[in-house]
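Have a look at this one before I ask anything.
To keep things simple, chains are lettered A, B, C, D and E as they appear, and every chain counts its residues starting from 1.
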Amino acid sequence: MSAPSLGTVWRASLRRELTLIWRSPADIVQPLFFFVVVVSLFPLALSPKPALLALVAPGAVWVAALLAVMLSLDGLFRRDQESGALDLLLTAPVVSVVPVAAKLLAHWLLTGLPLALIAPLLGYMLQLPVAVLDTLMVSVLLGTPTLTVVGAIGAALTVGLNRGGILLAVLVLPLYVPVLVFGAGVVRTALDGLPTGGLLAVLGAILALAVSLGPVAVALGLRISAGD
Amino acid sequence: MSAPSLGTVWRASLRRELTLIWRSPADIVQPLFFFVVVVSLFPLALSPKPALLALVAPGAVWVAALLAVMLSLDGLFRRDQESGALDLLLTAPVVSVVPVAAKLLAHWLLTGLPLALIAPLLGYMLQLPVAVLDTLMVSVLLGTPTLTVVGAIGAALTVGLNRGGILLAVLVLPLYVPVLVFGAGVVRTALDGLPTGGLLAVLGAILALAVSLGPVAVALGLRISAGD
Amino acid sequence: MDAPRLTVRQLGCERDHRMLFEYLDFSARNGEIWQVTGANGAGKTTLLRILVGLHGFYQGRVEWSAPLSPSLLYLGHQPGVREELTARENLEYSRALSGQTGDPDAALAALDLYGFEDVPAGRLSAGQQRRIALARLWLDGKDVWILDEPFTAIDQHGVAALDQRLRQAAEQGVLVIYTSHHRVGDGVQRLHLGEDIEVAR
Amino acid sequence: MDAPRLTVRQLGCERDHRMLFEYLDFSARNGEIWQVTGANGAGKTTLLRILVGLHGFYQGRVEWSAPLSPSLLYLGHQPGVREELTARENLEYSRALSGQTGDPDAALAALDLYGFEDVPAGRLSAGQQRRIALARLWLDGKDVWILDEPFTAIDQHGVAALDQRLRQAAEQGVLVIYTSHHRVGDGVQRLHLGEDIEVAR
Amino acid sequence: MWKTIKRWYHQLGSPRYFYRFCEAVLPWLVPVSLALLAVGLVWGLVYAPVERYQGDSYRIIYIHVPASSGALMGYIAMGVAGLVALVWRMKMAEVMLKALAPFGAVLAAVSLLTGALWGKPTWGTYWQWDARMTSMLILLFLYLGIMALQNAIRDPRQAARAAALLAVVGVINVVIVKYSVEWLNTLHQGATLKVVGESSIDASMKWPLLISMAGLWLLYAANVLMRARTEVLSRERRSGWVRRLVRGGEA
């Protein structure tokens, strides 16, 4: 009988996901807010001495971004699962990778991207020299999609279990290590005045890997959670 | 008709809460694991230079402890609310502060206390001098009860809302600032070789305030969430 | 006849911008059984929560002739049973919290849970879990029972036993107020919320 | 008579260390209506999820004569309606995802949702939300309908309309399989799970 | 005196009376506040003398100080309203609490922004983790938290009570924060601030400051009353007086 074209499904899914996030703006604002708050905790916990802060800044911004993305993913599939929309997606006559990818893209556009855009401001507040702020932004820009995709695998696997975010955290944080190492590493290298091209390339390669294989893994995770 | 004595309620509540946490050991292990993972992210995100690490260590351990406690609180009342046990508690013929306080104590004993016990180990891994490790432990020991109580207020207010942990984080993290400042401040002061008695006293005073007023606020928050 | 234990005057409640009920007036005495009926979403649960003091956003007056909380046995929509605890642990906790008296094991046995006392509730069926909560009705020391859908998930045999227990308690002077979609029995007062349409089930 | 669309052989499923059903055998043809019955927890939902491929842990064989997914219209226990989206947005998304054809507005109108198309579903009543999901039955392009409790939360008038729609579809060659606690109608095949006890409601 | 306060308390506690009070006050409160603000700002930004050490950049003070103090006062007012709402279950306190948050958050943001802009010429950086700045940042977070909580809870009365509890806890927290960051993070650039110490400020600079401060506070008050009025109407829309009002009658 009738099966839709991939293009139709992609467009319809993307429109839906963007509308959904748009309708509950708290979902965009809260991760951003969390990011800002966690970054601001560091100067309070360390000393506010500019020289020390600048050294810590790349790590602090990156750890905070990572936690913000991870926490925002906790609810990525929850409401779809509770409302039964997830079953709809999994029984549809298209590979579920397409709507899943649309979901991931929408999520990144409305949470990861804002994080990247605000990262330079936070870097500045942490006394990073202005010259490395663009590197910071680029690194977050290249890193957050990977965080989204990898975290979404964890979210997919834990969607049926109402354990709160901490199980997700335990699953996902170890997987975030490579992004963290290279992401913060790029900024540190820039701070030292060294060329960052190579490291950015690695970050890009990880991104490519995550973006190409990740959605398949997420879709598979959702199937497994549904009971297959 | 019949109302129970406060002592009976206190003992029955404490036994129940401890049994509950004991039966699902994941609730104890996960915050601890999260704590360890987040602390280990720092050497990866910063550079592993011992001198820098030691400077960052007090802040890193404290920020991680704070996040671990906060995330573990997300589910503090959730299952009681979903199962209806919370309504039982709120309609009981004793002030609900008593069972609430038992709950908070049990939670701290099985999450906050383990964090404090493991903190010196993590401090050592972050190259803190051995001489300040005891100060680190004492500061976490004095700080975590406050984190539990203050965070529980947020958890009580958000218990009915299935927004995931990020709303809780947004509410609670700003309230955690004083504990963070003094907690990490104590360790920094010890690192500088200065006397820490005054700061520890302040931490203790905050603790006293939180422990005396906190449970009342938590109970009130639960009432509000129930619809009163 | 003695004074009413509960007097409700001009009670109205709005939720989600919808008036659930308005100008509700009734009074109930010890020894009476009241069944609250109404369609899904009519506000039965909300009414019970107002009566026990869990829901505070309403207009009008709810008056209990004596302080409610020492007399109250409230069973909400959710049974209040934690899956991690055994049947006995659950019952003993709620017994301690509410200050009831009586033998938990006997109460559990009365509900056909003999032999299941030490099984974690999560491993029991939905009906058995509700029975753990209902076992409180077989303990002593409370004379106002407010029960939200006590018959849900209970099989026919259990429904009969429960019905008999409610009548027996009323004879001993307990005021029983419960919600249910079941037919209203003899000697039970009916309080209907919403338009009076007979809904097929 | 043509070959069966669905053949189930020796199907068994265990959940939570309990055998829900075992040695289930039946075959269903296009144009037939099947109602799955059974007590709460008997495994009705689980059976439907096995049939549509959402639940993979079972023994035995489930065979569809042609690939299922392009023909399948599945409606789960939860209606799959997101509260943040309007009725039309919800329907249009599920239409695009499943590749159905037909006019969403007409379908919504057939379910008395005319005038509610642009209201976020969260502001509609439970019954109206389920109607949004049911509106998919008034779109075209699917000939295997698997519906979990389609009559829940629907009022008498709606139940009649839905029943008629199912019969009309079957006449046009659709295979309909649904679960329900309602009485089994004429010309509907019954598949009962669990012991055959009549449960009072 | 006490009697008058008590009468006011009870009258303003009644939504209908409160609505009439708003109707009476707002028509002049808005223009007066705007006029004061305009006078203060024009005087301060254009006519007041140039500051000896900082040149023209100091003129930001005419926005910065009113905004900063407004944000602080607003939060304290929220805490008071929260306490009243929790202890005496006064409906109007809940309404006020909700109305106080948005403008307060804006003022906190303005304070941070103007402070940052001012910091560049004076301290050479837009941002320092100075005690005042840090506590204002946290104040902004607290404002946003309260708004987020109010947003997340569907029932307006429940939302208000939850926010009330959070506001009360927050006020205690603000006090400790202020104290704690001052104690431990003393980077405060005392010298620059002393330029306008208690009495050393010149009258020609002080008056425009006071005027714009009064203007901004009154504007805040007007904003709160407007928001509260809308909220009262929405909460009381079933009552007789609102129905009459909608039909074009008197409140």
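Quick note on the criterion: contacts are C-beta pairs under 8 Å (C-beta built on N, C-alpha and C of every residue); 3 or more make two chains touch, one makes a residue touch a chain.
Everything numeric in this text was worked out from a predicted model, so none of it was measured.
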Chains touching both subunit A and subunit E, listed by label: B
Contact-graph distance - origin subunit D, target subunit E: 2
Selected pair, greater C-beta contact count between B-E and C-E: B-E
Subunit B and subunit E: spacing of chain centres that average the CA atoms, whole Å: 32
Gap in Å, rounded to a whole number, between the CA centres of subunit D and subunit B: 47
Distance from the mean Cα position of subunit B to that of subunit A, given in whole angstrom: 27
Whole-Å gap between the CA centroids of subunit B and subunit C: 36
Multi-chain contact sites of subunit A, meaning residues that touch two or more partners: 26, 30, 33, 37, 44, 47
Of all residues in subunit C, the ones touching two or more other chains: 57
Contacts with two or more other chains, residues of subunit E listed in rising order: 138, 141, 144, 148, 152, 155, 158, 181, 185
Chains that touch, pairwise: A-B, A-D, A-E, B-C, B-E, C-D, C-E
Complex interface listing, subunit E residues touching subunit C: 154-155, 157-158, 238
Footprint of subunit E on subunit A - complex, ascending: 26, 29-30, 33, 36-37, 40, 43-44, 47-48, 53, 124-125, 127
Subunit C residues within the subunit B interface of the complex: 49, 52-57, 69-72, 74, 76-85, 89, 92-94, 96-101, 120, 133, 141-143
Contacting residues of subunit C [partner subunit D, same complex]: 40-41, 125-127, 153, 155-156, 159, 199-201
Subunit B residues touching subunit C - in the complex, by the definition given at the top: 1-4, 8-9, 11-13, 16, 19-20, 23-24, 79-80, 82-85, 87-94, 99, 226-228
